[in-house]
């Protein structure tokens, strides 16, 4: 094993860090931000700065305008980007677009890539992934998928309801998961301006960091051509697996960066605010919280790095990404909650960025599979396989 | 010991419960609510309804228009009121006004009571308590009080900065804690319209349930007459102790009601939402969360009731209220966090009331003494006293 | 509500406290203790001292030689007794005998009481409760009961295996749970010297506080007369419910006393041991632990008292005792674990009593229903009943 | 970064695994084990088997009879050895001997190495490290060292008391930390048979896995030659630092192996024991516990591996080993506690190995610095340094 980071990657990390500090953080107070995320105008400014810095779409291959980073390198870069809520938007690696680009690059036809991946990678358009449905449809349990796509000549006609569709408002591309009767779950590509796609409303959410917020969508006889199937009819779930682990993991990377920011703010406060005769950080009630933050972030980073490495070996990393999702989402939650507590009154107000990170991050224990579903899936794996001792860090 | 609730109190509990359900909850969707709390117009409607129902200011003596409830009875009634974020406003028992009325009734002169307590108890005006200061002033450590009140003839001239002053915006009465050089901390009563009181801004806060939000205030040569001292010069902290335990405890009562609401919503959801072949409540990952909620609320309620009983015995209950503050604030936080998790995506959006309770309640682990300060104070008590076994539930 | 303890009960509490301190604690270093509990000779000495002090069998009615205490009074007295591992043995209120006496007094025929209850209450004999079975029999799930009792003339012939039978070794009376084909679970009374009862071995267990330890028993054509049925054929589970809640709760009472002892030892140590320039208790890492102990014990005591009160109202208190079992068993575990940590090296050795309490108490999260089973049962209750708000502290 | 394990190391891992399973585990039921650890006769058998298998003293350089493994390779091998409580004894890598050999190899003179390291590495003798003192001496705070070594001609005369001296009983070599007035803490090598070394008693401890148990020692005018100083006069603490991080970390490695064993036992039980209609592992209350075990062990292993890598870079890894100590000691504790709970009654008895691992492991949260001291030291580091973002996994 080797835990070192290569010199070129360290240099890239430094470049991103500098870019975030000098080009992105100053925009955090830009007024073009609201309950449903940063506005398109602000996003354009951010994209432009990243392009100028040569940091746009680092996860996409150079052929489509990106940097072609490995999962390992993404772990380094995305954490740096996450240090500002605007960082992932600038680098064009926010959710769900980052995962959608990854999926398109892996699965789409060359024509589909030209039409959708290229403008996405250039930051010209945005996209959404239409999977989650209101009751009694598919929430945590994907097998409850209720949206249907019925073959009609060369087309499919899609009907159904979706919600929590991140980025829907303002998106150009929709990737839609629907059941083709007789074949099963299938992914379709559609232009959000198509007749039959109705954004009913944008939901009020605790988080305010995703461009476009979270939409409620109705498909009302949406007509999609067979050529717009992504992957193959009936293989929606298996192709979506390609997106699954990396998308989970990039959330982990970005949020780790976010809580590192919260932690730095808390450390700074703990050094300078006095109470009961000394800097509050010298009271163990505060100091231990900082130490626990340090340990939580350290473990989280290692778990992310390990999973990224497994992905880089060509493995789907379903088990590793389940572990990472639970470990990291719960660790970052503890970290930001401690930061709120350490900051006291400041922590629950807009006086620092910490409250914003706090509300932005809560949903991460829920989306991409709530902790409970991942725990259950890990348990099933443990109960099924022979009681073999861990094969250490080789992918399994 | 006797854990029964008297018949009249059970009847009152039922009346409040009905009032909240029928008169208050329907107003939760009233648009007159914003980031800095419900507006005055909505508050007036609520107050009017409570007055009509005979439920206004239950903690104030009948002489000043209230119901004269014991602390024990308050525990029952305030929990019911807390079931809606608007309930405490309707009954005129929200913070800080409820505690301010309690303090005025215990300490103020008859003239002061007529001038301030009476209109407060009738819900005609609002008040604020100006204690907390920005660094390097008094935060968790009250001895760092930096605001001064200097004698000048028959008056005092007050200078200093305060923040996190709940309800400042729209308040008529300010209770101000300031240091009189040579005498020590002293409380003053002032009209918020007085020259020398400047509300610099209202803070952005996670909670949105307090009328007037949380203000930043500057006292700029504010002149207060000696007759407007509350209590006596130099005795600010000792008189404030009268407010301390009850105010902590009524927070506990109201927030317990709030998370009972969240829990009821979660139980209802767990019964009706299906995943993986059954109602999600039948999955232990969800059901155990509900059971833990039940146990947390049960313990919290008992601890509140015990502390209320100690207060009713005439004790200051400093130790009991420290315990209650930590136990209850941490228990209700766990409860609402579990409810968010159980509701999944709904839990982090405005689709239910739970997200609002979640953001409203976080600060409770911080105000009225953060958990860390209470733990330290409990530890000091344990280390100081002789190692006597607990005298059970007699006040100690 | 009223949290006061009556004067006579306070006096009794004081008597028990003095008795434990002066008559019982000095015997803690008596060598007649081993891995399978205190020996009979030591038990006799303890019983004799309690009899002389007028404190024997406080839970049994005076008619059979006890003090006839209410559940509430037991809560006070048993906690005091639990302050020493030998206290419950002295007062004749250790498990399983205390619960067995309770059951016999409630269910047995007058003849059965004369034969078994009287000598038990006088401390002349010991008893065991033969319920738990090795796989694939009844463990956490009582419906898996595999021991059978087949009618044969006026007798029943019992066959089966039991384990974790506390007190089996040295017991005179066995209460046996077995399935009568066609009727269901039934309880039988038998003399342990009867032909057909084989104690195969005594198990090695973490706890060493139960006289007789935990036995593995085989019933090999054990013949029991119909007159030795306890209760009625087929009603074993329903009659056992009478034992259920009180037995759970008295465990809570005794173990609360035990961890109060550990806490007192830890407080004393935290006052006197210095490190890094001051008594270790003044380091928040230690002081906060003491404060958490204080709060855990406070909540636990209130939950016990409440459940005792519900039992005193004549209720079975199944839900309340489930709550109490989980809340208290987990709270006392946290307390003793913190004490171990505070004592450092001393905590993991025989240098103080804490290590013994630590190993004695671990099993309490498992026996009388592991936490998981109680959580599940609480969840079922929550999901089944209409979503009614808590009826506070009236039994429900 | 690279998380793969080299082929030769995987092969060695497999060899150790097989050795533990076939040569060591069968000896776990050997009767030559008691409250103060395995007896010398059993140790000799184990050593002999490891020698025959070519696995003796893997951490020592080949020159002195070992395998010369890197810290990284030790992580792999020691975890495998820890899978049995007897494994570390067989491989001659138990505490404190493993750390003592490491220290001697790094610091001792050639003559000292010949005299002490060689027979230690061959498993011919045992050793102890005499640091910890009873109050008011050095416990968690090494600066309170009270044992003195006073120069007298060419000798030093040592007086003082030590306790928790692991392995003292039966050891041949003692490494003694004592204060030389005017110079400071100094390490001395002494033969345990020397006049002036009195083993007063062996302590009763929760753990029973260390050969020789934990001794209380008195130095009564022990005379040691200047040539027997280890390192240099006054440099005891700085030289001991060489031992510090590796010794902490090898504890982590061994205990991780131990809880992996407990976990495997729990998984096996969860598959085969039925309750409430299915294998208990299919109840989430149990299955989630297994999943949490899996995640805790995964994080722990990564943190160990990272720290080992930092050590292999030549760094003292004080901060990394503090983190690892806290993270791993608390994770393995959670794991084994969950295993106890899953096993139910079996978990708290000798019916499986889990109870033994449970009691063996508790002290690990205390020795080599209790969690509280490491948290404080981590906090100090955070508060001191400039708020630089983490340099990832490069040593810092």
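Structural remarks
To keep things simple, chains are lettered A, B, C and D as they appear, and every chain counts its residues starting from 1.
One rule holds in what follows: a contact is a pair of C-beta atoms (placed from the backbone, for glycine too) under 8 Å apart; a residue touches a chain by one contact, two chains touch by 3 or more.
In this text, all values refer to a predicted model and were calculated from it rather than measured experimentally.
Judged by shared residue numbers over all numbers used at their interface, subunit A and subunit B contact each other through mostly the same positions, with over half in common. Seen from the Cα centre of subunit C, the chain whose own Cα centre is farthest off is A. Between the Cα centres of subunit A and subunit C there is a gap of 51 Å. Computed centre separation for the pair subunit A/subunit B is 38 angstrom, with centres defined by C-alpha atoms.
Work out the mean CA point of subunit A and of subunit D, and you get 41 Å between them.
For subunit C, residues that reach two or more other chains under the stated contact definition are 283-285, 288, 372, 375-376.
Across the complex, subunit C is touched by residues 132, 135-136, 139-141, 144, 163-164, 203-207, 214, 272-276, 280, 283, 285-286, 340-341, 344-345, 347-351, 355, 358-359, 362-363, 365-367, 370-372, 375-376 of subunit D.
Here subunit A touches subunit C in the complex through residues 283-285, 288, going by the rule given at the top. On the side of subunit B, the complex with subunit C involves touching residues 1-5, 10, 13, 17, 72, 76, 83, 260, 264, 267-268, 270-271, 279, 281-282, 284, 287-288, 290-292, 294-295, 297-299, 301-303, 305-306, 309-310, 323, 326-327, 372, 374-376, 378-380, 382-383, 387, 389-390, 392-394.
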